[in-house]
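Quick heads-up: structures coming right below.
In what follows, chain A forms one complex with chain B and a second complex with chain C.
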Partner chain A sequence: MLSSRLTPFLFLAPALIGLVVFRLAPIGIAVAGSMTGTSLMGDLSFVGLENFAYLFTDAEFWSSLQVTLLFNLIINPLQLAVAFALALLVFQQGRAIWFYRLLLVLPMAVSTGLSAVLFGLFLDGNLGPFNGFLEWIGIGAQAFHRNQDQALGTLIGIATWKGAGYWMLFLLAGLYSIPSSVQEAALIDGATPWQRFRLVTLPLMRKPMAFVLVADTAINFLFFAPVYILTSGGPSGSTSVLMYQAYLSAFTFSDLGRSLAISTILLMIILIIVALELRLLRSPEDHAA
Partner chain B sequence: MTETIARNPLAVALRYGALSILAFAVVCPLAWLALASLRPQAEIFQPVSEFGWRTFVPSRLTLDNYRALMSGDFPLALRNSSIVAVTTVVFGLVVNALAGFAFAAFDFRGKNLLFLLVIVSFMMPFEAIVMPLYVLISGLGWTNSYKALIIPEVANGMIIFLFRQFFASIPKDFYEAARVDGASWLYIWAFIAMPLSWPTIATSSLMLFLSQWDSFFWPVVAASDPDYAVVQVAIARNINFEQNDWGGLFASTNLAILIGMIPFLLMQRFYVRSLISGGIK
Partner chain C sequence: MKLGRRHFLAGVAGAAIMGSAGRLQAQTSVSLSVPWMGWPEEQVRPLMASFEASTPGVKIAEERLPIAELFRTLEVRLSARSATPDVYLVDGPLTASYAARGHLLDLGNLVGGERDRYVASTLVQGTFKDKLFALPLGTSSQLLFYNKKLFAEAGLPEPSADPEKRMTWEGLLDIAKKLTKPETSQFGFAFENSNPYQLLPLPQSRGVKVIGDDGLTATGYVDGDGMVDVMTWYKDLFHTHKVSPIGTFQTGVTQEMFGSGKLAMVLGGTWNLGGFAKFKDLDFGVVAHPFFKGGKPVTPTGSWHVGINPRTAHMEQAQAFVKWMSTRDAMNLWFDLRQYPPSIKQIWDERASTTFVDPVWKIVQYELANTATPRPITPGYREYEEFLRTAMQDIQTGGDVKALLTKAATSIDREMRKYR
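Then we have the complex of A and B:
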């Protein structure tokens, strides 16, 4: 039955060709392209690891790497903590709680780009209400993304506004998957709420928390739209994350080799993160839903 | 556990107090924008010294800002986004449901390896390959075209995964019975499996639609020409350019947010369940 043997592959072909050409092949293109240079005439030539060697002597790259790492060191634990707090707050029965849950997840329906535009307007001194509010309570107007010391924090705030409710959902699913008998047993043993949280809930939430931390990190290493829309990497490079550097290299400086070298570094980081994620999902400790 | 805490009135008050403050912080910017988009053009600027309830509530509500949108570049952006999103939904449903069916109904060589490719493809955020994908697309001569925006987004690992999960939940005997009756596999997929999977079709349509409606980085890179600017790109450009149509920017941003949010609200139960099943199996 030749036709029957071929059937699964005919069904799979359009999707798998799409994934191989537009998801898998670009990884190879990034690696290969990172080893090419473009002359002034536009000719491609093989330059080996020259692009990487140049990157590692480039102060702008190091500063961008530093910004990216700082951004991730703050935003990922922060989003995990906020999402976990939200999940614990809405881990309840009832109509009212359902309504709060809905409000908290609303920002996940707003794209990252539109979130950036929304806060660009909301935080603007002339157009938005927030600086007026800060004046009113006596703190005084702030420059936010237009100030070198506040820009990265402002972007972290915007991304957390958008992301916290989304990650909350995964942690909430984790909370629901903790068998109620375990909590009841602790209750009968006379454990205080804090003891139950620290000794029962927290250990059983390790896997969903690790999942959120890892998946969130993969996304935040590639943070781009708010930087492009609100700060253009500034002021003074304070928000120039690696993904933005990769974009600038290709489209402002026409240095595709440098752009792909940065992309390759980011891809390696992401693939390590994905491998971690896969291990997490396959590990036998199976408390998650 | 939850019940004992609920009986303590102080804990209840604290919980709902904290939730109300957080929910307000989340909703406030959205509500402000929605109201600001209905403001008369003359009231758009809000000096910081005049903070008060008028900062949020317009003196009168008007659709002028929305009407003015119709004469700018926004209708073209809406059209571009709609073409791209709807085409992706139509082709994406067929292509990914076929693949999901193959993973669920057949045993074949290399199945596990191919399924791993599917899973990795949606765990790796799309942004990771935007720059090399641009090299590929410009090599094909597709930049600044609908093709560039649509074709790379049709195959979607998450959607394949969701369809596989659904089709695997139907007993194989069900398919085999139709086989015995002489039906082809394509017939079984189209007229038996697909009609049963309408919840998956609905969520997948929403996911595919939002993946395109929300996408920004790829359109900025692959189709930067104003003729192909999608909604997100058109709006992002308008916040950066020196301009005076702030009312138009408020209205277009609010409209773009609502078009993404309304289907989400209608389908959030299905949507959230599918999302979590993809994240934590």
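Then we have the complex of A and C:
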């Protein structure tokens, strides 16, 4: 018979094993692999921090890091704001409100790769319909992902088109979880709609917002498919995020060690930024605790 | 019905026996894992089926993958140094890359004595350090396609189809200007895509070397004055003369534009002959690849090869498959399926009075004999191509030519260190 002390672990085992196999082991492999080098004939050797030392002296790495940080600095607050605004819009009661919710959630059903291909066709400078429209209304044709100054913004737009509806769902659920009694109390106290939003809704939405921001950040630091499909990191490196550099290192330059070093650095950055975000969005009650 | 334990166990045992019987049967027939290009199934399966019919007991499990996916899949599986793939499709210029890393079997014993059967230039790209590692399945050439209706509209005479009287790039630019009409979004000329395969003949036509003699040095070549001059000329097509449409990175886009009359001339491969056939209203002519005044005519060439993974568990069958691919019947069928210029002389001879009577094929034959220039032979072609393609695309979208080529050269040299 198993001792009763071991019993809980027995029940926890499936989850713990899953955690180790699918979470900790890959991280371990990546970190260990980042300290290896492979010879042309495939012999693996331990190289210590050589891959990192190389990256830190590589101009391409620094410019890619800059692009990654800029991308995330814009896209994460933007997606949170857009998702929140959409959630507030469809939180209304009304006829056919389900229809609008459906419209906003619909892009979720399109895979990221497919949405990149679709936008590529839509925005194409020579065959795409969108530039014809822009010319017709007098703005003139734009190069979008083919222009060094517009490419990153275009990718942010595509990702937000796809992502905003998804994150809206979590925030909408959050809005529903605010007890109506609190809102009513504020109403009776004579609070204006703005005051109700700022002093009631917003503070009570901290937790769902924190979740969305953190989850969104983790996803956007690993943003890859549209870069691979639409821009290949260009024009002139303007969309060359670290994930793309990691991909190139592994699959084009046959340098798995460097690729894993980039992944490890990304992991560190995500950990630091998520920790900062959680701290920022901590509610006052938590501070007191 | 209640399923008792005894019934259940009997079922499991039965399934196990049947499963192992299936395995026994599978052992008598070997299945080769063969990653292949994602061409339509009806252009791939008949070739494999023909081999299977000729060699009982060997099945070909081909995987049809899109080009980028094919390269990536091969890179992952070969780097893992496992027994599969058994046989795989090799892009000509990648032969050296795979061979240098021990991913290709030396085919010297297999077809070494048959070199004379091949168009000599097609063997070059399958060769690394004087050994044949990948068997050519054909080659390629580029032609200038022009829209007859748009030429007539602009009152221009049609160019000569005689390769000896081919156009100069300077002459082409003058014509392209007359064929460009911004008000109807009509462009004069485009390269079908912006890959080094397409564009390297530009510097080569001026005698500019595109890589160092060691095949590993880019600085001084990729960013040399000759290259900067030529790529500035290329950039001007898009930004100064505005005769070429920006964003034409892929053949699909230029094919569509040419087919729908938005592009008057396009420089592209023989595969476009089939690609343009779907445009019913398109009336096009074909002439030889242009060259720079004072320079020499140069055309790109090279194509798909087939090679064997030295770690294959089915060496005998893999060799039989590749050996079969070198036969006249296999190559004749292959030409029927996809019209790449053949690598075997016999096919050229046999079809001389039928297929190759077409003036288009006369031009191709002339180019292969006189102007075809393979891409650089270097174990680092994948890296070389990646950075050069990026630079060429960035130049097309308006980047600084010298800065982009310098960056590409530095990056290529950086990645080439591992081959030194």
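Rule of thumb we're sticking to: the second predicted complex is superposed on the first by the 238 of 289 C-alpha atoms of A that agree within 3 Å, B and C clash if a C-alpha of one lies under 4 Å from a C-alpha of the other, contacts with A are read in each partner's own complex, and residues count from 1 in each chain.
Keep this in mind: a residue touches a chain if its C-beta (ideal position, glycine included) is under 8 Å from a C-beta of that chain, and two chains touch if they have at least 3 such contacts.
Keep in mind the model is a prediction, meaning the values are calculated, not measured.
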| item | value |
| --- | --- |
| Which superposed partner A:251 touches (first chain B, second chain C, both, neither) | both |
| First (chain B), second (chain C), both or neither touched by A:235 | second |
| Winner by number of chain A residues touched, once chain B and chain C are compared | B |
| Which of chain B and chain C A:211 touches, first, second, both or neither | first |
| First, second, both or neither for A:125, with chain B first and chain C second | both |
| Touching partner for A:98 - first (chain B), second (chain C), both, neither | neither |
| First, second, both or neither for A:60, with chain B first and chain C second | second |
| Touching partner for A:143 - first (chain B), second (chain C), both, neither | second |
| Contact residues common to both interfaces of chain A (with chain B and with chain C) | 125-127, 251, 256 |
| Residue ranges of chain B touching chain A (in the complex, touch as defined) | 1-2, 4-6, 15-16, 18-20, 22-23, 25-27, 29-30, 32-33, 36, 44-51, 55-56, 94-96, 98-99, 101-103, 105-106, 108, 114, 117-121, 123-125, 127-136, 151-152, 154-155, 157, 160, 185, 189, 210, 213-217, 220-221, 232, 235-236, 239-240, 246, 249-250, 253, 256-257, 260-261, 264-265, 268, 272, 275-277, 279-281 |
| Chain B partner contacts - residues on chain A that touch it in the complex | 4-5, 7-9, 11-12, 14-27, 29-30, 33, 86, 89-93, 96, 100, 102-114, 116-122, 125-129, 131-136, 141, 161, 165, 169-170, 173-174, 180, 183-184, 187, 193, 196, 207-208, 211, 215, 218-219, 222, 224-225, 228-229, 243, 246-247, 250-251, 256, 259-260, 262-263, 266-267, 270-271, 274, 277-278, 281, 288-289 |
| Residues of chain C defined as touching chain A within the complex | 71-72, 75-76, 79, 81, 100-102, 185, 245-248, 253, 256-257, 262, 382-383, 386, 390, 393-394, 397-399, 404, 411, 414-415, 418-419 |
| Complex contact set, residues of chain A against chain C | 38, 40-42, 58, 60, 124-127, 143, 146-148, 232-236, 248, 251-256 |
